[in-house]
Structures are given as structure tokens and as C-alpha cells.
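Structures for review follow.
Shared between the two complexes below is chain A, which has chain B as its partner in the first and chain C in the second.
The block that comes next holds the complex of A and B.
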């Protein structure tokens, strides 16, 4: 897009290409898992549905459920409470306090987790311990969580995982800027896809065309993703070190304001159902709520709803815990509304694409898919340009392994979740998902290494993925999951839609491979020079 | 409704731009010399008309921004970009 000197263009190309070689595969992992994680809540609903769809996320009776649970926990765990919906609409309430972890170096949440049936109000599960102990035992929502953790920190412990994904986000930003600068005819080539014979030109057009259309959102997603990764892992500690002598609590107090004075005298809590009704009356659907100091004079309640139709920024409402009075909107940052607060709040919807239900999630999924395609097509193009150098063929094999092996391994993890849930596999669900994921990834990696022809690697992995997607639906049905008729009549939209999506995805992959098998090999056309090649 | 209308207007503009894109059609002609079927009935759009269509593609976004419909603006942008990419891929895959 920019008229650059040849030397500058070459520098940009080197930055773009080598950045991709170093970070490309991991970036693809982060983008692909993030793309699927757009539907993490729906995937959880699909994997562990209730017999019928719930009418309200937090129905009348939520207050009674929370009171029953609060009476059943040690007083120190009433310090903080977070309540949100999990798989199928079950209600998850975590009463906890902040204790020092065993290593004595960082605080850890410790308390009791309740999972309620939203219709009957019955306690389905109760786990007590530190957060890591509870997470090791709990089951609902783990499939979505598994995906989200790949995207957020590649399952690497904090803060290193966050720093890693933050660096990957920054590398994507660099790729966006360098790609934008060095392609002279980015807009003019938006429809140019010379698809013939799988030569360099075909691969270049595939990469450039997808990048052109995806550029604005690649930039937005890279920026917001880097913000989320680096703000907690790097920026807050760094600012605290520079301006507050390393005191992070002081930094938070400065930005968010001092918490109200402690008043541990007992006090009757107002009815939470009334607060939820208040939020509902304002046209919102509650997403989660928090309670500080349950049953005390200084108790505080905040309710955070999903965006109403047409809204982009998420809101939060503060309530008086004793009277139930709505105290008004709670800004994302600070004590009063500000531009900074709105900008911080904007990061969420721009990154997660969850502000308009299925519609925005579908668009964001497609945008994420385009981003993943750009990664793989870019890496393939890099290798194609160095076809004569044998060393780069290993990168091509690794690219194919990632491109198809990663989704295949995610399918294996989902299968392990379903099998554990049905009682076929014994043990905690997360290690089982890891085992299935790792095994599948290792097998596909071995395959990518030993199959003689590269096209053979792709073919085997694509066919396996196509069959795997279809088999996942069959497995869910065989293990006693709701059938399509009962799911449709019970309003279980996620079950029907995701089953259809998996089957269509699998069938499309198999059909694509079948057609490729039947097609005659195409002869690459030689560019006669009447079409411009824009990159050096 | 406004969102749907915006997406339709932009999608129609993108479709017209894609079908009569000079570079794409030049490539089709080149393919035709090698035995592929040429893109019949379509001639490249003059630059002036391309600019009008480009403006028509962007106007719904400007209107949404002026109306302060930020959620719709993001959805319009995302949907239009994805449509453009998919359309280009589909047109390239036609024999």
C-alpha cells in the first residue's frame, strides 16, 4: 500500500517472513483455538446439556439457592462470591477467600464451589478446597475451558503463558503492519486469485487475498489479544514497579478507588432475585454477578449483564446489599464513567465478538478462521518459494501437522470429555482430555514425519479430521446425549446447531478430498508478465 | 433491519466489483487461452464506476457510525469483509 524504497520493502518482507517462520505455527494454534473458543459456552451447552433449555439464565429462586449455599460454607468463604452460568445453563457459585498458596509466594482462592440445577434449585455438585483442587474435580464447562486455556496461555502456567501469547499477539501486529506496507496493490488485488496448479503464484494469491480482507480484524484481534495477555502479566506489574514501588494493590486502589471501610457487623442481605429482575426490566440478560462480604454491613453486590440488542459496550450494575436499591452503572475502570473506562470495556466485545449472540459469534468465528487460513497459507508460501531446499520441507510438514493435526487433537479431547462424562473413562476429566489430545497430536506428528509424500500427509490428516468430526456427533448420540428430535423440541439450540455444523464440516472435508482424488493434476501456468507480481 | 440493509448494500457492491474486476477478468482471459471457459458477459468496469461502487460499499458503514450504532457497525464490517473473501474464493474456484 505504501511506496517504499526497494531496500525498505526487502526489510519488511524479511520481518514479515521470518516473524512468521518463528511464531507462525504457535500463532496458528492461538488463533485456531480462539476461533473455536468463540463458541466455548455453546460447546459446553452441546457437550453437557440439561434435558430441556432453561427459560432464564438466573431464574426466580436464584436468591434461595445462594442463601442455602451460604448457610453451608465456613464464614471466611463468605468473603467473596462469584455466580455465573455454566454448561447447559447450570448455575455455578463459588464462595471463596484469598489464602496463601502452599508455595507461600502467591495468593490462591480457597472456598466452596456449588453447581445448581437452575430449574429445581437442587445442588448438583459441591467441591471444597483451593481453586486448583476444585478445578481438578469439577466437570461441567471443562471442554470450553480446555479450548480457552489453549487460546489464552497455551496451557503454560502464568505469567509465562500470558507473556507468550502476548508476544504472539505483538508478532501478529508486526505482520499486519509489514504486510500492509509492503504489498503495493493490496486493494487492487482483493479479487485476484490465480488458482492453477498449486504454484507459487496460487499460494501467494491465496495468502494475499485472505490477508487483504482480514486485515482490519487481524489488527483489532491482535491488539486486543495482546492487551489481555500483557496487561495482567506484564503491564500492571511494570506500572506498579515504576510508579508504586512494586505495590500492585496500591496501583489498583489508585485506579479503582479505595474500597469502602470494613464493617463486619452482620446484616440481612436483600433479595437477589429482585436485583436480577431489575436488570431484566432494563432489557438485559444477566451474565454473572459478584457479592463481596456476604451477610455483612459492608456487603456489595454487582450484576454484569450481556449487552442488550444494539449495544456494544458491556455494562455492570451496583446494588445496595441491604436495601436492594439499584445504585446505577458500575464503570469498568474507576469510580465514575470515563473515556478510559469505555476503551477498556470495548476490548472485550471487540476481541470475543459476543455482543450480539449467535450472529456476532458466527461473524467472529469466520474472521478467526480467515486469520488461521492466513497463517497456514503464509507458511506454505514461504516453503513453496524455497521448494528446492530440502530443509524447508520439514517446515511444510510441521505446517500440515499443525493445520490438520491440531483440530484433530481437539476432536480427540472432546471425545475424551464425552466418554468421561458417560462414565466410560474413569478419572478427572482434564487429564483425560490432555492424554487424548497429546496422543492424537503425537500420532499425527509421527505420520507427518514418516509418510513419504507431503500430499499424502495432508490427505490422511484431512480425511481423519473429516471422519473425526462426523464420529464426534455419533459418539455423543451413542453415549446417551439427546437425539435431534428431543433436542429440537426441548429448545437445545446448541446441540442441534453444533451437531449440524460438525457433520457439515466433516462431510465438506471428505468431499473436498474425494474431488481432489478424482481431479487430474493441473499444469501450472507460467506467468507471462502481463500480470503484475507485487512482492519482490 | 438497518444492519441487514447495510450488509445487503455492501454485499451487492462487493459482488459487482468482484464480477467486473479488471485484474480477475484479465486472468480469466488468460486461462481461456489455455482452454478454460472465459467469464462470459462481463467486461471490466471503468475506474470511475469502480470508485462509485467502492463508495457505495463504504457508505452504510459511515451511516452506521454517524448514527452511533457501534454494534451494528462492527457486525457490518465483519460480515462484509468475510463476504468479500468468500466471494473471491468462490469465483476463483469456478471452472
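The block that comes next holds the complex of A and C.
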């Protein structure tokens, strides 16, 4: 139990409450999209699966695919290559160089993107141009990317979007610390749940109980999330300016090591399959690989695997591009192990929950979901305490709109992705997803504003979301996606699991609203907040 | 956070934009006195990693302590680091 002076407690309460009122809704957007984005790769596999699951992410034959592609690009694009897996296990290889963007103010990657079928080695897609031109045309992986961009920077251009999410992360940090300081009985609060109808006390118990259990996790996410956003937005540029006097080359040399002396003489590349096998033999599954100066004497190859079982920190391997010799592990930063490098490497698994496969991701998803619930229940509690003040009812309506309208809009975006993939909708996939998302969000916003009773707003949005989740599965099947039998026999785990999750989620929401409709209201249905706070 | 209207406004400015600016300056300045370590990265990586912690400490201090003392302490910390940065950049130019 924390004993604070009354004045300190009042300050903490003010910070907690007003912080939530100012940042709560946007924080909910960031937390909810981040929670779903934990499964971004699996969502991409679900939306665009191959006919059967792949046996290896980078199978034998990857070397041949890359050689075939390298022979098909302009020599300047052999400057850099990054290869990673995308939707369904397809292999994405981007041969590129750094050119000056059209505005002449910043460098932009320019090159050729290949998408390969990992089993046959066939080139499925080939796009050439600047990175933004290529991204506008490419399709695979865009659904997960759409979610991730909401989470990372709310689709606001850099660095403003990163600054915004960084400030939201800091506001979550304040909510965690002030919430912890205000807890008079931490252990008791974790179990106390007084059910007394729809009164403020039972709403408060629900909010406090969920937030108490979620506190350590929310703190970790707030810390790591604000680190990622603020580091990218201004911390790294600022520290590069001070510590290295603005000398970017010196910064890169310190972090990545001195590049080998320029030697453009042609040289035969060692077999990349052998390197990937070497990584596999060490118990790792390759996540992505990079090649600098393909086909030259000064070529460099690095392979970055997922963490092996029991490992928390990710690592990388360096290989001699001519002999294929394993040159050993690469620290995340610098040329030898260091505390700073380990701390940076630790941020990833702590934020993404990707260190133990489906198990850790499921735990991160559940805790993230609890965090989203805490945002909504906190805002609703705030309004509940001010029930007689009409002005605050607008916040309640906005809260309901966000709580249910955002997931509904995400379902609409996913539907647009599936329709574009099947050729029903014409045009680039990202603008289509934005249109569907925006239209759905606008409609639910209008609904939240015009429906007379707050209860009615919630019911319509919840039923729409329940139906939308079920309809998404039906749409996937109708548009020619693999059926459940073929998905199960083909080992397409993501398809089966996400279909079941969507159907269960939709059915649960519909059942919940059905039961609420049947039950007698616990209090008169008035225009002001009769929303069930404990089940937002 | 009781006080006159002027005090409230100053507290808001201090805890909001000024603490954010102080965090940036202290973080960047720390890279000049923290040890580099064998890999020569600790001095500039650790302040970036600890950025949220630096901000949180300054923020809560700015809202919980007496306004005058909090302002002076944060100003001194910021000024010392700003001076370190200025000295370093001037030396680099020469």
C-alpha cells in the first residue's frame, strides 16, 4: 500500500484522469491496432495463403532464385539486397540502390522487387521503380502493413506520426505510474469486483481490476513503444548530431563497422543456401538476409534469424560472400557485445512478444486487449462520474464510436483487401483499404452522433461488428480462398485458426447483445450513459 | 497542483513542452559524459533507450515538487547539458 500525501494523490488523480480524457481515445486506437498487429504476419498468411503451407521459410533453392533475379536487374541495383518472407511464406527480394528523390531533398531507395513462390522458385511478381512506386503496386502483406502503420504512426507522415505515438506512449507511462501510485491496496484491488448493477463503484472495480493485472505489461509497452517512436522521430538524429557532430558516416561506421574497401571487381558469390543451412543447423529459423554489393569482391552477406527456443535476444550472422565462411555472430549494434546493444535488442521481444512463437504472441495479444479495455472502461468511468453533465455525454458517444467503430472499420479494410485480391475491386490495394476504412468509420461516427439513446449506439455497432467478423470469413471463402478441409490438410494453420477466431468473436458479440436485449434493463434507459462499463 | 492562475500556466508549460525539450537536451548531452564501453556505442545508445525514463522522472518531478525548486533544478540540469553540447560542437568546428 502506498501512503501518499493528500495533495500528491490529488495530483496523481488529475494526471490520470485528464491524461486519459485528452489522450485516451487515440491511445485506444494505438493499443487496439498494436494488439491485432501482434498477429500481422499470421493475418497476411490468412488473407493471401499459398495452396499449402511451406516447409521452410527460405528453402533449398533460395540461392538459385536470387541468382536468377540478380541477372535480371540493372547493375546499379545490385548495390543492396534485402530478402524476407511475406504473406503465405512467399519470398520478397528487393535489389536496390539509393537515389535522390524527385524533390531533391532526401535519398530514396530505387530498384526491382521480386516476389517468389518458395516451393517452385517461380517469379510471381516483378516491380521496378522507386520504393514508393513499388509499394503502391505491390499487394502481398499490405493488410498486415495497414494495421502496423496505424499502430506505429496512425498513418500520419514521419516524423509527426512517430512523435504523436511517442507522446501517446509517454501518456500511457503517466497513466501507469499515476494509476499505481493511487492504488491504495494493490493486492486487494487485483481481486475486488463488487457487482452492484450499473453503479459507479462496480464500474470502478472492473476498471481497477483489469488495470492492476495489466499494469506491468502496460508499463513495458509504454516504455518500449515510446522508445521506438521517439528514437525514430528525433532522438537518434539529435544524438547523431551531438555525439558525431552530424557525421552520419561516422555513426554508421561505429554501429555497423568499417565497410570493406571499395573493390568493384566482379567475384563469384558463395552459395546462400549453404549459409541458410548453417543458420538452421545452429537451431535458428531465418527471418531476413541482406547482401551488399552483390557479385563484387567487396560483397557482404548478413543473415538475421528469429530467436531460437529459450532465447530472448535476436542475433545476426555475418558470412564471407566469396567463401561462404561463417564469420560469427553480429551484435545488434557495434562490433563487439555491449550493454547498449543488448538493451536495444531487448526492446524488440518485449514490445512485439515474438520470442516464443504463437504462445508469447497469444499472451501479448490478450494483455494488449486488456489494455484496450482499460482505456475504454476508464473513459466510460470518467463520464459515469459526471452523468448529470450533458457535455460529457459527447465523450461517451465518441468512446463508443472508437470502441466499436474502429474494429468495424478494420474489418471493412480487410474486406476491401480480399475483394481487390480477387479482382472484384480494381485499383491499388492501399487506397481501397483506406476508402473502406474511412467510409465505415464515418458511417459509424454519424450513427454514434444521431442515434438518440447511447444504448442504441452500442447495440447497433456491436451487432454490426459481430456480423462483420462472421461475414469476413464467408467473404474469404466466397472469393476462392482455401476451404477449411483443404486448409487443414494443407497445414495452413493461420487460415484455420483465424477463421475460427473470427467466427467465435462474431458469435460471442451477437450472443452478448442478444442476451442484453432479453434481459430487463438494470436502470431506466435515459439519454445519458446507460452503457455497461464492465463489458465495453 | 494548487496555486495562482500564473503558477498553473507555468506548471503546465514546465511539465509539457519544457520537460520534453529538457529531455532531448539531457539525452543528447549525456552521450558526451557516459562511458563508451568496448564497443564504443554505450554512450549514445543508453541515453536513447532511457529516453522515456528520463522524461518520466523530469515530468513527475515537475508536477510534484514545489514549482520554483522544480523549475530551477530542471533548468540547471538542462543548462549543464546544453553547455556540454555547445562546447563539444565548438571544439568540433575548430
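Here is the rule we use: the second predicted complex is superposed on the first by the 511 of 536 C-alpha atoms of A that agree within 3 Å, B and C clash if a C-alpha of one lies under 4 Å from a C-alpha of the other, contacts with A are read in each partner's own complex, and residues count from 1 in each chain.
Everything that follows uses one rule, which is that contacts are C-beta pairs under 8 Å (C-beta built on N, C-alpha and C of every residue); 3 or more make two chains touch, one makes a residue touch a chain.
Everything quoted here is computed from the prediction, not taken from an experiment.
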Combined model on chain A where chain B meets chain C, clash or fit: fit
Partner chain in contact with A:254 - chain B first, chain C second, else both or neither: second
Chain B versus chain C as contact partner of A:380, first or second or both or neither: neither
Touched partner set for A:311, first chain B, second chain C, both or neither: first
First, second, both or neither for A:35, with chain B first and chain C second: neither
Contacts of A:216 with chain B and chain C, given as first, second, both or neither: first
Chain B versus chain C as contact partner of A:174, first or second or both or neither: second
Partner chain in contact with A:363 - chain B first, chain C second, else both or neither: first
Contacts of A:420 with chain B and chain C, given as first, second, both or neither: neither
Which superposed partner A:335 touches (first chain B, second chain C, both, neither): second
Included angle at chain A between vectors to chain C and chain B, based on C-alpha centres and rounded to the nearest 10 degrees: 90
Nearest Cα pair across chain B and chain C, whole Å: 20
Of chain B, residues touching chain A in the complex: 17-18, 21, 23-24, 26-27, 30-31, 34, 69-72, 74-75, 77-79, 81-82, 84-85, 88-89, 91-93
Chain B partner contacts - residues on chain A that touch it in the complex: 188-196, 205, 209-210, 213-214, 216-217, 307, 310-313, 349-350, 353, 355-356, 359-360, 363-364, 366-367, 370, 525, 528, 530-531
Residues on chain C engaged by chain A in the complex (per definition of touch): 1-2, 24, 27-29, 31-32, 37-49, 51-53, 55-56, 59-60, 63-64, 85, 88-89, 92
Residues of chain A that touch chain C when the two form their complex: 7-8, 10-11, 14-15, 169-170, 173-174, 177, 222-223, 226-227, 230-231, 234-236, 238-243, 245, 254-255, 331, 333-341, 343-344, 347
